[in-house]
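Here the structure comes first, spelled out in structure tokens, and everything after it is commentary.
Letters A, B, C and D mark the chains in the order given here, with residues in each chain numbered from 1 onward.
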Amino acid sequence: QEFTADDPMEVALVLHGTLGDKSFFDSAAAGMERAEAELPVDVTIIEAGLDRGRWEPALADAADQGFDVIIAGTWEMNGFMQDLAPDYPDQKFILFDDTPDFSTGEFGNIIAITYKTSTAAYLAGYAAAMISETGKLGEILGVEGSTVVEFAVGFEQGAMAANPDVEVTRAVAGSFTDPAKGKELALAQFSQGVDVVFPIAGGTGIGALQAARDEGMWAVGVDSDQAEIFEPSDPEQAAVIFTSVEKKIGDSLFDVLEQTLDGTAAYGTTLLLGLADGAVGISKNDYYMESVPEEVRTQVDEIEQQIINGEITVDSVM
Amino acid sequence: MSADRKPNKLNSFLREGARALSALLIALVVAFVIVLLTSEEPMEAFHTFLTAPVGSARTRGLWIDDVAKLTLTGLCFSLVFQARQFSLGAQGQVYVGGLFAALVALSPIGTTWLAIPLGMLAAMLAGAAYGFLPGYAKARFGASEIVSSLMLNYIAIRVVNWIVRAHLAPEGSGQLMSPEFPDAAIYPALIPGTRFDLGILFALIAVGVVWFLIFRTAWGLKLRLVGDNARFAEYAGIPSKAIMVSAMTVSGAIGGLLGSVYVQGRAFGRIAIDFDANLAFEGILVAIVARNKPLAVPVVAIAYGYLRQGAQFMGLRSDVPTEMLAVVQALIILLVASQFTFPGQKLFARLMRRDGQAAKTEAPGT
Amino acid sequence: MNRIIEARGITRIYPGGTVANDGVSLTVNEGEVHAVVGENGAGKSTLMKILFGIEKPDEGTLVVDGQEARFDGPKDAIDRGVGMVFQHFSLVPSFSVYENVVLGSEPAAGVRFDRAAAIKRVRELSEQFRLRVDPEAQTRALPVGQQQRVEILKALYREAKILILDEPTAVLAPQEVEELFTAIRSLVKQGRTVIFIAHKLPEVLAISDRITVMRAGKTVGEVASSEVTEPELASMMVGREVALRVDRSTHDGPRAITVEGLTLKADTGVTLAEDLSLNVHEGEIVGLVGVEGNGQAELLEAVAGLRSAAKGDIRLKDRSLLGLSVLERRGMGVSSIPEDRLAEGLAVNSSTAENLVATRLSDPRFVRKGLLDRAAIRENARTLIERFSIRVGGPEFKINTLSGGNMQKVVVARELAEQPELLLVNQPTRGVDLGATQFIWKSITDARDGGAAVLLSSADLSELLALSDRLVVFYKGRIVAAFHNSEDLTAETLGSFMLGAETQDEAVMKAALR
Amino acid sequence: MTELIAAVFSVTFFVTVIRATTPLLFATIGGLISDLSGALNVALEGMMLIAALTSVIVSVYAPWWIAVLAGCGAGALLGALMGFFHLRLKADVILVGFGVNILATGGTVFILALATGGDKGTSINLPSKSIPRVELPFLENIPVLNLLSGHSLLSWLAGFTVFAVWYFLYRTPRGLWLRGVGEYPAAPEAAGINVTGVRMWSLVASGAFAGLGGAQLAMFNYIGFTRDMTAGRGFIALGAVLLGARHPVGALLAALLFGVFEALSIVMPNLFNWIPGELIQTIPFLVTVIALILFSIRAQRALKARGVATH
């Protein structure tokens, strides 16, 4: 079927949460915005909210409403999509950040996108350990779910590679919406000698970034280039985020939509995206250039190449 | 034998009903105004709000599922409120109940026909135990049940979340939920492919059971007398503390049952972290609007569940921002809870008065 | 004489439809004690509430000091010099006396509440009007008599010229009544006017100058106290002759209840009653005499099973009651009419039928296998409502739709539904009108004649003297005197023992304790 | 273990405790006032949330103290709203409270989106201000006294508030009215006091204090607004009111107890990696339950000692 600007492809992005997290969902939404601008698609973003009981209905409702393509993400939505997709064979489904088991051959209308997030986190961990003066790094996790832990394992492995004596402490906030708590957790880590913090905790994490700003410590951003986000409103905040572990969900969704339009998208398979595809990576912006010494940057680039070549294997929980 | 006069229940029922309906109407008007202000296609959005819950078998299933859950949590609160105990522990009971139902479902029993009855039983026992705690602390030490039950909620949520993450989720998956239960452990759907499952049946049975317990058993009468005047109850030989603790325990069992309905129902079929999304708490609203009357609880749940679903679908299908739904919901609660005076009410009162006066004079000697 | 307050053609219809006042008129002269009498529910309290601005009349006018007055609330009434002491006190229990007195118009120093000034003023007032009470005591801990003084002080503090006292004597012991009358006389002497409501006609005649009589929401007449006798007044109120006469017991049965060396302690270890020994025989009423707080109420509680004994024994027909629960004792035939019907005698939001079976929830007639037999419960209620002529719409009507007197009848009906072995009675006719008093007395003596042993406590000495076969006087937790009732025994004699002014010979007491 | 002790006896720990306690204390005081006047205020959570957003938005355009006042005012306004529905329209106060909470969760996000031009999660693109920290450099090196340095101005205000509220309740006429209205409304009613008015003002004051708590949370503990950022603190405050025996000093102690264990649950993950995070998070709640029971046992004894029968 040909889609045109007058008869665009109807796309629904079903979020099992709400917009405004400044990372995961916002990144997906940004991809949709770009798609709407550049492709003959018409996007509806459906926020299913924080109630788990509402997620499956939201997805089913999108299918019922007849969208051509329905997008959802992570293991949380994976099961629902697997249950639903076979009943709507004429519609297409995109699952990001998790994959169904395609070997059964049932899911011909699903395409899955997964990211080698831990490889990018590995690079950040390496750089963080190198610029740390105390040899102590801190992580602040929202909850210990796979999407979050995936960042942490790569980060820890990279840090160990740079400095086998490095100490990485993990604190779990238990919430993605408590910035005051995130800030306290980071402050506590700083007072115990940590000088680089890596929050992987949505809104809670923003509090941790602020703690780094106030205390003049380093921070690693998550999901998007968070230094760039803060730059216009809070340059001081941006300046302590020496890099971010980026997972370019929006871009990859854009690409898959584009391929769907021209018929090259490989439905029924998983796209495994990594450093080589530019779908994950660390931000190498001005702050990175300024904060990270030249030789460390060179080493990071070398390691990146080694990971791409398979010379270094990075752990994963996915 | 002359017939007794009955307190005029029908009249007060009609009055209550009329009041609730008019409040509802005002709330709908307010909701419509909000939709008008925030939507490009207000008529369509509002149409979704009003009709979506009955739009298809699937949406009806969602509505009924909500009704079942709201009914159970409403009952849970009504029962303790009847005994004048302000335990807010339903949420904690739902969590421990859900956990124990999940443990049964994930054990070898999970694949047998015993999975559902035993899962429910385990959930109810766990919920009852969790309801018993604040009751006991109050009876024994005089510890405020409001505080202890609230704190026990927070504790239950975190502990259950931990067990789900660290012990029930598939090893190394990082998923914050258990694998799906075996089919035998999940409530069968009454209408295939929807959430219209055994949950609503259990909820209605629970309504009947609670009504029967409260109004037809000696225990229920004792419970109401204790709630009315605990000192009098003691005086009359009713062990008021034991009754109070037992009420909180029975209410806990209902909360536990709701836990089972959650995890073993078709909506989930597994246990996940944070699975109740605060619905357990909305039982307070249902109980208060229903004036703690067990038979009114499902009626309120049906109406409230409908509005809740309608708002949800408006959020999913229209451009009304999701946040506005909360605002609409809040206004509905505020308005339904309020008492209005309408112009006609004075006249009505006067008519009623004549009635009452006649009653006064003819009463003696009947 | 100067008319200080006047109500003309007042009509008040409550939302439920009750016509509480139906064209009522009342005229009160300056500097007099004006009594208002009438049966329960005659509309006295309602009229007073209207004078105090709490209820608004549907029709009619108020005239204060010759000027028409419209009260939108108590504040307006207070401003016009009206003060009121309610039937049920309105004092904050945890506040101290002076705080309750000044509440609402506190002396202040800047933003600060000037406690010293408040205490001083309360002390002055209490001396000026002979209303003795410690300004710094906690209200909760005061006996009712003193709480009432606090209420009166409250009105006086607000410079009330007209003081309304709604059934002030109902809760008072005889000496307290005397003290109250002294205070009232001192008030009148200092130019204040008092409106006084009471059910006990001797009190009314003793204190008032003029009397307005109400019946069924209407004024039926106004008389000067000096020109009317008690029976005349009673028949004006009720519309027929009323005689409060009790037949003495003729029956002399075996010993039913034995209290032996009983000592009762509070949780703190403070002794409430010590070494109590007394017996009650079948078919006999033993009156417990004493100023409130001297151990009578505690004895009744201990027998009922609401209080444990530190020492001694209580036996009913040779079986010890100690260690038995309230329910088990009730099962043995113990019945009990409590002091405060609202606090411990009734569940007011429950139906009349339910209240009437509340003490019999393990009786197989009403409860089988844990299930209620609703037909039997309703039938029981119908029977009792008829037998005790309780004015209520029907078994399903809630207790809070009844008047106080009828509430008391529900309690009496429940406790006397079956012939008890042992009947415990505390303040049976408090706040109850003549007719109902007559009825309740009759019920108690009927139980006695049926063979019940009765322990009766009352603040009303005339009630004790009217009903008791023997009387036992309590003072400071001990039994200090005992009497066989006879025509010679007077309230004065009892009074001097009650106050510990006189002691009785051991042997005489022994003999009277049987 | 030694590390834990070292961490607990550090100045930073103390500062953390005070910081964690301050918003809670304001909310607790707010809850206390309405509770004493006879209305259980379950809307503290929503009041704090709306106040937090209000102060953040106002602080973009005005000095910090105006922003704090605005937060306080927003809370007060919500209190008045509650009063209107509860006192005028006779709605159940708990229902009204939940209504306000739900209104707050949705309303704040909606207004945040309007204020930020579309952001529904955080206010990071609003340059909001913070409440000044009170540094006392001359105390820096004196042990114990150095604990006084580095707190929010509002923390000092909170401490003062406890005293002021105590003074108000127990030393001024209006405090007497308020306590009377809560304990036995018939008495002040008969004394000509406008009971409804007192209740109304109590709800307004309750909201104002909760509002200060929200301002502290969004202008000091964390600077900026994030959806649902109160994260249950309002309900914890509700517990603290009752735990604190409905007395300002009790409220202070209860809030502090909670603050201490909140702070402990913050330093612990870094020291005890092996304890699951969820279990560490339960510590403040467990401690509250235990404290409540211990406190109740003591109160029971005290009651007995005063000779009041408790059966």
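Operating definition for what follows: contacts are C-beta pairs under 8 Å (C-beta built on N, C-alpha and C of every residue); 3 or more make two chains touch, one makes a residue touch a chain.
No experiment lies behind these values; they were computed from the predicted model shown.
Centroid analysis (C-alpha atoms only) places C farthest from subunit D.
Comparing chain pairs A-B and B-D by the number of C-beta pairs in contact, the larger count belongs to B-D. Subunit A and subunit B, compared by their mean Cα positions, are separated by 38 Å. Between the Cα centres of subunit B and subunit D there is a gap of 29 Å. Subunit C and subunit D, compared by their mean Cα positions, are separated by 46 Å. If you average the Cα atoms of subunit A and of subunit C, the two centres end up 77 Å apart. Shared interface positions of subunit D, i.e. residues touching 2 or more other chains, are given as 109, 113, 120, 277-278, 281, 310-311. Shared interface positions of subunit A, i.e. residues touching 2 or more other chains, are given as 18, 144, 174. Subunit C has residues 306 in contact with two or more other chains.
Viewed as a contact network, the protein chains fit none of the simple shapes, being neither a path, a ring, a star nor fully connected. All chain pairs that count as touching, in label order, are A-B, A-D, B-C, B-D, C-D.
Those residues of subunit D lying in contact with subunit A across their complex are 7, 10, 12, 16, 19-20, 23, 109, 112-113, 119-122, 124-127, 217, 221-224, 226-229, 231, 263, 266-267, 269-271, 273, 277-278, 280-281.
Contacts from subunit A toward subunit B in the complex involve residues 18, 46-54, 56-58, 60-62, 64-65, 75, 79, 143-150, 174, 317-318.
On the side of subunit B, the complex with subunit A involves touching residues 56, 58-59, 62, 65, 158, 161, 165, 172-176, 180, 267-268, 272-275, 277-279, 312-313, 315-317, 322.
Across the complex, subunit C meets subunit D through its residues 54, 73-75, 78, 84, 86, 88, 90-95, 99-100, 103-106, 108, 111-113, 154, 266-268, 270, 306. Residues 18-22, 26, 138, 141, 144, 169-175, 177-185, 187-189, 191-192, 194, 202-203, 206-207, 210, 229-230, 232-234, 237 of subunit A are the ones touching subunit D in the complex.
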